[in-house]
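Same chain, two partners: subunit A is paired with subunit B first, then with subunit C.
On to the complex of A and B.
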């Protein structure tokens, strides 16, 4: 009878591994520094109702990682992305993030979680001291609140308060021009909906003090039917309506409000309308809905932005989302900071990131800046415009003014006791 | 709380008409889902926890048929017929095996299929939300009845649902098949002993329940966004409806669904922050005062 090898690890391989293990244990830092690749961990939402956004985050990252790797990687080390599903649950996001660093040996984290998960990952970053880039959470407090501040965490996403300032001032201009005094709001009943609406109304009233909110509706998140909300708003007869419904909720709302001819009876301001996921899905998009830019390839109207949007579409067969550009920006910043520091070390990259200004297709003036004081992205393209039912969907975007944003943001921070 | 808005609305005919029709719209779609649920429970004694999936499939079938044919009528037909066939297959292959088992086992099988069906939809149609779009025929200005706003599409929707309720009610009460179904609900052993194929009846009832939910999904498709998992929230409300109306009662499902619809439409005026709560509160009151539901004694 011939001896057959048992499946599993052979004695020789075991010895070799033990030897290698001994060497790396003896000199761990040398082994790490000479490693060819650098692992970057990324918890994001790849299943459940908002999986589409998580996938678009991954796509945004991979599109840029390929370019960085082709150009030599981070200080000569190729980036290896380790992307895990958090299912959109904060505790799962925290667990995954910890595991990515401790078990998988990731040296940098891209936190592509929604706000709920981002605060959980933030605590992991605080604990482990690993370089962490928040790419999706727009909740202002994440970087504005000094209690949250840690030297190794950055945000490469929009910030809620920026959007509210620009949205409020845009709406106030139109309100004054058209005499829109009576307003209604309709937003989803959870932290994002409540906070965003409150901030928006604050700035709307600041720029146009004689505005009055005559009706508020708070439908549940993911509510299938909005009929009672639609008719309630029709009863109140406001001149304008603000909503921060998003995704499938927004498209349902539009379909249901459409057959009541709601859009012909008032001006509608829907901050999340101008995102391709919503624009391409609605079949009978009414003309003239006011929206903030989330991601559209025609704003900023530069060849770089159009080329980026087209390259994404060519590769993934769909248009990028707001989360796509925010994640792509994280990789662009990482690459540039690593070049400047001439290192792939997290601490050195963090040092280089503070105050770093890079060329970007998504910048209001062709550049974006990682502001040093609170480590959050500024200078990105931000504006409002009205939608039409076919490409380019938002033909003219009125740009937000960053000077005003900075002034009012500083004032807001003071009022919150942040500075 | 905003009682002024509520009393103001009750005093104006325009508001009354608008909110009442809005309540009927919400209620009628709920009724179509809930009546299948209650019918299946009444005859098969199974709580079909996966019932929301048929609503979802109805909507997706309708959207696909509409995209290929452009015909709204065909879309409705496909939504209803497709889910009927699906219901029949599901009942014969899977549900029929757990009739004797305990409730926990039935719930587990149903819940497993909630997840499986959601994933099947995700594989076929993709994870992102879809919209069917309103057929051109209904893209018209809303009607004004006594000053109230009523979209024509919703009139159709209410009409179809009412017709379904009447056909179902009369069918069960007056026809031979209806009598057999009622007998099977009462005493399946005796019906079987009389030489009637109870398996066929069970399959048929399940298919009918699935078809009604599918029809609801198809009718909702032009106005609601389609996502995997869309059946779940509808299912929860349908349970509330059946609990209020009484498990197994068709009239109960109709009344329960309309009450829920009206609570939502008027509640959102008077209690904007407590509309959801109002619904559950009503359920609690009914359960405490009549544990069998409003029409619980009737056997379908």
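On to the complex of A and C.
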């Protein structure tokens, strides 16, 4: 039998496929505002080295969304989360954010991107005017710099400068009490590491003017081997060490520094230690490392916080991260603001969000506030304590004083030319 | 392959008159494509389509310019992404810091790219194959590191923040998505047209000769170094234009634009689309972006899917899609093949 057709795809089939492609692009498969559900888009990092940022952000959000939906949703509309991976690339973050709003019909964005991705999504929010809550970027400039300010973007995360003020004043108290004058720093070599360390040192010197920095190390982000850094610090013989290494970098560093018994030779201040991502991964957690709280269920030491941490653990079989509470807070704020505005409309919610104070398990005094002037979160639990090798890991946390934070933050803003 | 080359050789000998007719025909096709693209938004109202075509323009220019090096000249550059990043940063910084009109910033950015590409090219094109590949990669990483560490100018790893201002000029307002779309289409079509002219010119055939036998080329009096440098710089200019479009699309510039992964994507696109046809990289771009967008939409394991696709092309087809299509078409017409 002879074949009349050549193998392969026929012209007709090709045309049909092209047509189908065109239709699938053009169809507005979006049923907008009238829909019963409200779609909330969330670009985040779900693959690669910091995928845990995305997964624990998603967990934090979903935990709260379920509660809000059970209680009737946003002004009667059930929340439907559309969560998509940006692979940690800012151009993908921008694209995904635009797609979520323009194609998927999301009316609110939860921007769970890190560093540059957050700024890319911020520009999308500026362009499209959609309500946007930044949940993971702690870069102070995102909200402190008036050039960045847009009425529809808010931050529900910590802020770098708050951490530095509290960390600096805590360290200065210890430095005075123990006579720690010679300091070394060891932080990752990128904007977060450089900026945070510089700010920390500024406030440390402000509260304890006679200290000096005798050694600085800047390991690369995601560096696997810290031997060189550890030996350099040991040779400098400082009395105290500051580090803002985080996650896997911090745990590798501690494991490797343990071999040299570094932690018995100096006081160590590691701002990102008290997060379960680091605490539970380190092989032998040394006793007495000073750390800022990222998320631990024992601080604030309230039943609400403990219950939240346990509920999260029960659902996801791991402890929450710093990102988890920041993202959960975004949903809590959305729910309250929507209740207050009696609407699920982005503009009305934004209006209600400004200055909104809500009850929160993560609040220093049981509440957190969305500060109206720069639309960033304040009043969250922030403090420092020392580690022990087993749960609760950081038994005593000394709370930071928000009054001092506000004063010094205002001063900092002025020095930067932001006010 | 040899048949193709033989035919290309014949074409090179064509009289100038025919070259002129062909140029006119190309210009007409380019114009028609532009009109169709520009009219698309009146038929389809999808904003996704606009975003998609803008990104296609950015990556398409970048990938096609890379093909001028890889496919036409045999220069496998692993660092072509540096010009993409340079375009994005040059344009973004110019608009943020100086406030000059958009066309001025555009031309000035190309000027900067020209100068940088000239210096880097002069060093790199002397080298062959793997050495060329790795030295271009090294320069790319140098530029990437410079962007990261020059925080006061570039914003370091946070990128250019605060948006790129784009004051309207000649009635064109690039902050309007539709205007940006039409402008991107225009840049894409003009860019492709120019690159096609380069590829079809006697100079283009010189490049093919250098690719196939550089010794022979220099024996018949061609200054190989100069020809390679020329195409290196020209390709850089088109890549830079792609970067400018991307900077406008995201309203910012980020160090990732100058990272080696962008160069990698360019190579990937070329593998996907095929390097033996002019339009191969453009087809590859559309394919990769559609794949990326749909797969990301459906699953978190997009890396796995894209990896399988590239394996299929590299090991299964052993060529790009356009190569495959062209061969299939030629077979179907039993010999009367036509190149894009």
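FYI, the second predicted complex is superposed on the first by the 386 of 419 C-alpha atoms of A that agree within 3 Å, B and C clash if a C-alpha of one lies under 4 Å from a C-alpha of the other, contacts with A are read in each partner's own complex, and residues count from 1 in each chain.
Here is the rule we use: a residue touches a chain if its C-beta (ideal position, glycine included) is under 8 Å from a C-beta of that chain, and two chains touch if they have at least 3 such contacts.
Just so we're clear, the structure is a prediction, and the values are computed from it rather than from any experiment.
Trainee: Check subunit A with both subunit B and subunit C modelled on it and let me know: fit or clash.
Mentor: Taken together on subunit A, subunit C would fit alongside subunit B, as the superposition shows.
Trainee: Report for A:120: first if it touches subunit B alone, second if subunit C alone, otherwise both or neither.
Mentor: Second partner only.
Trainee: Based on the superposed arrangement, let me know which partner A:191 touches: subunit B (first), subunit C (second), both, or neither?
Mentor: A:191 sits against subunit C, while subunit B stays out of touch.
Trainee: Taking the superposition as given, does A:141 touch the first partner, subunit B, the second, subunit C, both, or neither?
Mentor: Second partner only, subunit C.
Trainee: Thinking of the overlay built on chain A, is A:354 touched by subunit B (first), by subunit C (second), by both, or by neither?
Mentor: After superposing on A, A:354 lies clear of both subunit B and subunit C.
Trainee: May I ask you to decide whether A:39 touches subunit B, subunit C, both, or neither, giving the answer as first, second, both or neither?
Mentor: neither
Trainee: Touching A:91, do we find subunit B (first), subunit C (second), both, or neither?
Mentor: It touches subunit C, and subunit B stays clear.
Trainee: Between subunit B and subunit C, what is the tightest CA to CA spacing in Å in the combined model?
Mentor: Superposed model gives a least subunit B-subunit C C-alpha distance of 7 Å.
Trainee: Would you tell me which residues of subunit A are touching subunit C in their complex?
Mentor: Touch list, subunit A to subunit C: 6, 8, 21-22, 25-28, 46-47, 84-85, 87, 89-92, 94-96, 98-99, 102-103, 115-116, 119-120, 122-123, 126-127, 139, 141, 145, 147-148, 190-191, 194.
Trainee: Please name which positions on subunit B make contact with subunit A in the complex.
Mentor: Spelled out, the residues of subunit B in touch with subunit A are 5, 9, 15, 18-19, 22-23, 25-26, 29, 127-134, 138-139, 141-142, 149, 151-154, 220, 222-225, 227, 229-230, 233-234, 264-265, 267-269, 272-273, 275-276.
Trainee: What does subunit C use to touch subunit A in their complex?
Mentor: The contact residues of subunit C facing subunit A are 43-49, 51-52, 55, 148, 151, 155-159, 161-163, 175, 177, 246, 249-252, 254-257, 261, 290, 293, 296-297, 300-303, 328, 331-332.
Trainee: Which residues of subunit A touch subunit B once you look at their complex with the stated criterion?
Mentor: 49, 51-52, 55, 216-218, 220, 222-225, 227-232, 234-235, 247-249, 251-252, 255-256, 258-261, 277, 281-284
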